[in-house]
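Chains: A, B, C and D, in written order; residue numbering restarts at 1 for each.
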Amino acid sequence: MAQFLKLSEAIEANVKDGDAVAMEGFTHLIPFAAGHEIIRQKRKRLSLIRMTPDLIYDQLIGMGCAERMTFSWGGNPGVGSLHRFRDAYQNGWPNKLEIVEHSHAAMANAYDAAAAGLPFAVFRGYRGAELPRVNPSIKEVICPYTGEKLATVPAVKLDVAIIHAQKADRKGNVLLEGIVGVQKEAVLAAKRSVVTVEEIVDELNPPSPNSVVLPGWTVKAVVAVPGGAHPSYTHGYYKRDNAFYKAWDDIARERDTFTAWMDENVLRKGPEAFAHHAKKAA
Amino acid sequence: MRQPFTPNEMMTVAAARALTNDDVCFVGIGAPSAACNLARQTHAPDIVLIYESGTLETRPNVLPLSIGDGELCETALTTVSVPEMFRYWLQGGRITTGFLGGAQIDRFANLNTTVVGPYEKPSVRLPGGGGAPEIATSCGQIFITMAHSKRAFVEKIDFFTSLGHGEGGDSRKKLGVTTKGPTKVMTDLCVMEPDEKTKELTVVSLHPGITKEQVSAATGWQIKFATNVIETPAPNETELKVLRELHARTKAAHGGNA
Amino acid sequence: MAQFLKLSEAIEANVKDGDAVAMEGFTHLIPFAAGHEIIRQKRKRLSLIRMTPDLIYDQLIGMGCAERMTFSWGGNPGVGSLHRFRDAYQNGWPNKLEIVEHSHAAMANAYDAAAAGLPFAVFRGYRGAELPRVNPSIKEVICPYTGEKLATVPAVKLDVAIIHAQKADRKGNVLLEGIVGVQKEAVLAAKRSVVTVEEIVDELNPPSPNSVVLPGWTVKAVVAVPGGAHPSYTHGYYKRDNAFYKAWDDIARERDTFTAWMDENVLRKGPEAFAHHAKKAA
Amino acid sequence: MRQPFTPNEMMTVAAARALTNDDVCFVGIGAPSAACNLARQTHAPDIVLIYESGTLETRPNVLPLSIGDGELCETALTTVSVPEMFRYWLQGGRITTGFLGGAQIDRFANLNTTVVGPYEKPSVRLPGGGGAPEIATSCGQIFITMAHSKRAFVEKIDFFTSLGHGEGGDSRKKLGVTTKGPTKVMTDLCVMEPDEKTKELTVVSLHPGITKEQVSAATGWQIKFATNVIETPAPNETELKVLRELHARTKAAHGGNA
């Protein structure tokens, strides 16, 4: 059953050095506040998994929390490169970073398979593409009916999934709305999960019987962190801070500007620093 | 009198014109997004735009900076999960036209968005393939938009992120791929199409004021020209107006140094 | 793009003798009115596919429309047997019926695979069960990572999918709410699809951005048939007629009572006969 | 003074008592549905009930006639598609306890709901397995409820619809199945549990007023009894009241000859 904790407690209890961690959210609902808490708690040797590493993993990598990253698209969307990821991968700063690279389709299928309790997924992918040459975990099976060769990917293996959502009720049931990405799959794939939410409410009141809801018994810890997705966004609450995404390019380009920004905005702050981004749409 | 326009505007307009009202498009960020929404706001009002974030049939009023901006979901018919997007909608064969671009392209329209240099020790580590490897083979056809330069249009790409026409000819068929692959490459200088037999990219139209020599000089291999190379019709007033308004709204919406 | 047709036109245009037809709806939203129209149009040799054949296939089978049924549970839920199915299968009345039998998990996966454009599905199923002995389409693959043997099922192959839904807008976009079963998968798996709806509206107004919506370009024909799911039900409109499900046991038990009922309630009626069941919940 | 009760009520109450407040149950129609909702309305208010129609954490006020009655969706936390139900929730290993029943059961709690007689030429064609083949192996444990008779409790079942303990002993393990399988069989006469080693069903408690002889006479094999067979505690007043009210509401709701 879901426990209601402070963010520091939730991360302390659920994220250990060396864990395989997925912090998901496809552009939307990225759990930045939780990422900052991991940085403050100085986790090391994490194996980070995420389709689109985005700024959140650029920050974790630049602060030395990661030793491996599994991903399918590692850029700053619409802006350019993730400088800290590149610096770590190309120059080993602040430490060496190993990569495991897939396509989006492969990653999405790998999450789906894990949520479904399967050891692998089958998909029609990578035809004529070079990634299978450099990623030995990409294999193939033959369809027993048609003889077609199809690609396979192992299910993601997660110690912990961390996501951000609109709200939770007092039983820890969680509502996600809008671009829901692979978050349900990530939570169902993980041994443990931490969910930060904009607000905790008495009644969840999902707008549709088919709304995306995670039952409280699938979640390990729930934490209210208003604004906790910033500079990503929360549908129905506040918008994506596209200006910040653009500004990040300059902040992260050099090691010293990055370090100074992290010191001022992460190390010397707490989750309450996100509150001023919080806003509920009318 | 013709309004002046930028090479990038010409590229976007050329891409928009290639789209029809019946298309179901898998849209990427940047020029493809501009082209698809320009088409939707001009000659193809019913075109279906799909972004890989799960937003189905979306009608953004400003261009998204990311593939998952709130604007896309708020104006979509419906939004599905990312596994569903890649499984039911892309792999399910429901997309007529997919857009791709890249850091490098070869004469058979194979693309590299992964690395410059060797994979294990790249000189530049690029973002990677994202949706491209499966977009390239699952969509009915592929349109490519890229700025034309010798650094991008190369004899040999450093990494095969996504399949174009492979080694040319019936390469796709040999790989068991039944979709058409790249049918048009729109650059800021010209429009190319694969030769029917060899599948080598061939210039079919030059943008106004652009010469064959300029295209050859910006291409890393000996680029071929069709027998009858035409001039790409310049963007008309409506196209430019709609495109510029779209960009102006976008800049205002995203703030900062857009 | 979706065409707006009369029910007789939609069935005439989309359901041919010998077609592989799935009329889906897991207890909820079963397209009875469309089934009755198929009976009136005297379709023959249909290959009927459905997880839970329910009364709708009992009726089609008893009226001689089917030569094969692919299914996973063939009963009258909470009541007992489907007498017409049994009579056809055991006694060949009114004609011989071939069966292809799966488990629910297999059928659900087979629909999912077809919607995903895959030739087959992998699932952890049938372990220690006897169905693989009698259904040669159940095979297995070995996980290329763990060596685990897993079951496979071929993707369903459908000429036409027929479903009932709450509403469609004037572009043919369809909203389904409540127990949504495998209907989205069935429509996406089929070459053609017919959707009957309670009402056609100017604005679909799905309650959630993640509501289950089928775009009009995935649908071939849309028909307004208020009450068209009766004795099944439409969430938000009218309830399941459980009393009729119980009454069916007596109606269908004998050939003559069945034939008389079908003559009076199907052959001599049209889709407008369903209208008096239609009701929108307050 | 003890209230009179029917054998079926005793069976349902016995099944309800075996459930805990922490269980996540995959519920079937009929006795399982009654047992699970009785448990929820008495000692296990937080028990999570899941029906294969996709309704997650449902709290019906009347028992559903079908597995997908509107009542289930209207009172559910959320409702997912049927593929998701079988893939993420059942196969995903999230269910602690699944309920099954059948037309025939053998001494190792293997079940038949498919045919009486040979599969190809049955004397009675039954509804078939539905969810059972995978419920039997994916849930943490299985509870079985069945009316006790020689026709149902047979030496040899005609068809292995779903796996119980196979041929006994470590049969499940040999098949690579890691879940417990049937841990309790609740009938209208008694409660049985598999022997720890042999996995053969063994009577552990007799319902009030039932003798060993009655059980033996209603079982198609030589049924074994535990060393200390106890008497099943009779339904208490609250249990009977809640169960009967549930049935009364259900009868009123479903109409006709309930």
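As a working rule, a contact is a pair of C-beta atoms (placed from the backbone, for glycine too) under 8 Å apart; a residue touches a chain by one contact, two chains touch by 3 or more.
Predicted model, so just to flag it, every value in this text is computed and none were measured.
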| item | value |
| --- | --- |
| Any chain that touches chain C and chain A | B, D |
| Chains touching both chain A and chain B | C |
| Pair joined by more contacting C-beta pairs (B-C or C-D) | C-D |
| Between chain D and chain B, distance of the C-alpha-averaged centres to the nearest whole Å | 57 |
| Centre distance in Å when chain A and chain D are each reduced to the mean of their C-alpha atoms | 40 |
| Inter-centroid spacing, chain D versus chain C (mean Cα positions, whole Å) | 28 |
| Two or more partner chains touched - positions in chain B | 73-74, 79, 87, 91, 138 |
| Sequence positions of chain A contacting 2 or more other chains | 116-118, 123-124, 148, 178, 180, 184-185, 206, 209-212, 235 |
| Listing of all chain pairs that touch each other, if any do | A-B, A-C, A-D, B-C, C-D |
| In the complex, chain B residues that touch chain C | 24, 48, 56-57, 73-74, 76-80, 87-88, 91-94, 138 |
| Interfacial residue positions of chain D with respect to chain C in the complex | 29-30, 52-55, 64-70, 72-74, 79, 81-83, 85-87, 90-91, 110, 114, 119-120, 122, 124-134, 136-138, 159-163, 166, 171-172, 175-177, 253-258 |
| Of chain C, residues touching chain D in the complex | 26-28, 51-52, 71-75, 77-79, 81-82, 85-86, 89-90, 101, 103-105, 108-109, 111-112, 123-131, 134, 148-149, 178-182, 184-185, 212, 233, 235, 239-240, 242-247 |
| Residues of chain C defined as touching chain B within the complex | 115-118, 173, 184-185, 188, 204, 206, 209-213, 215, 217-218 |
| Of all residues in chain C, those that touch chain A in their complex | 116-120, 122-124, 137, 139-141, 143-146, 148, 150, 152, 154, 176-178, 180, 206-212, 235 |
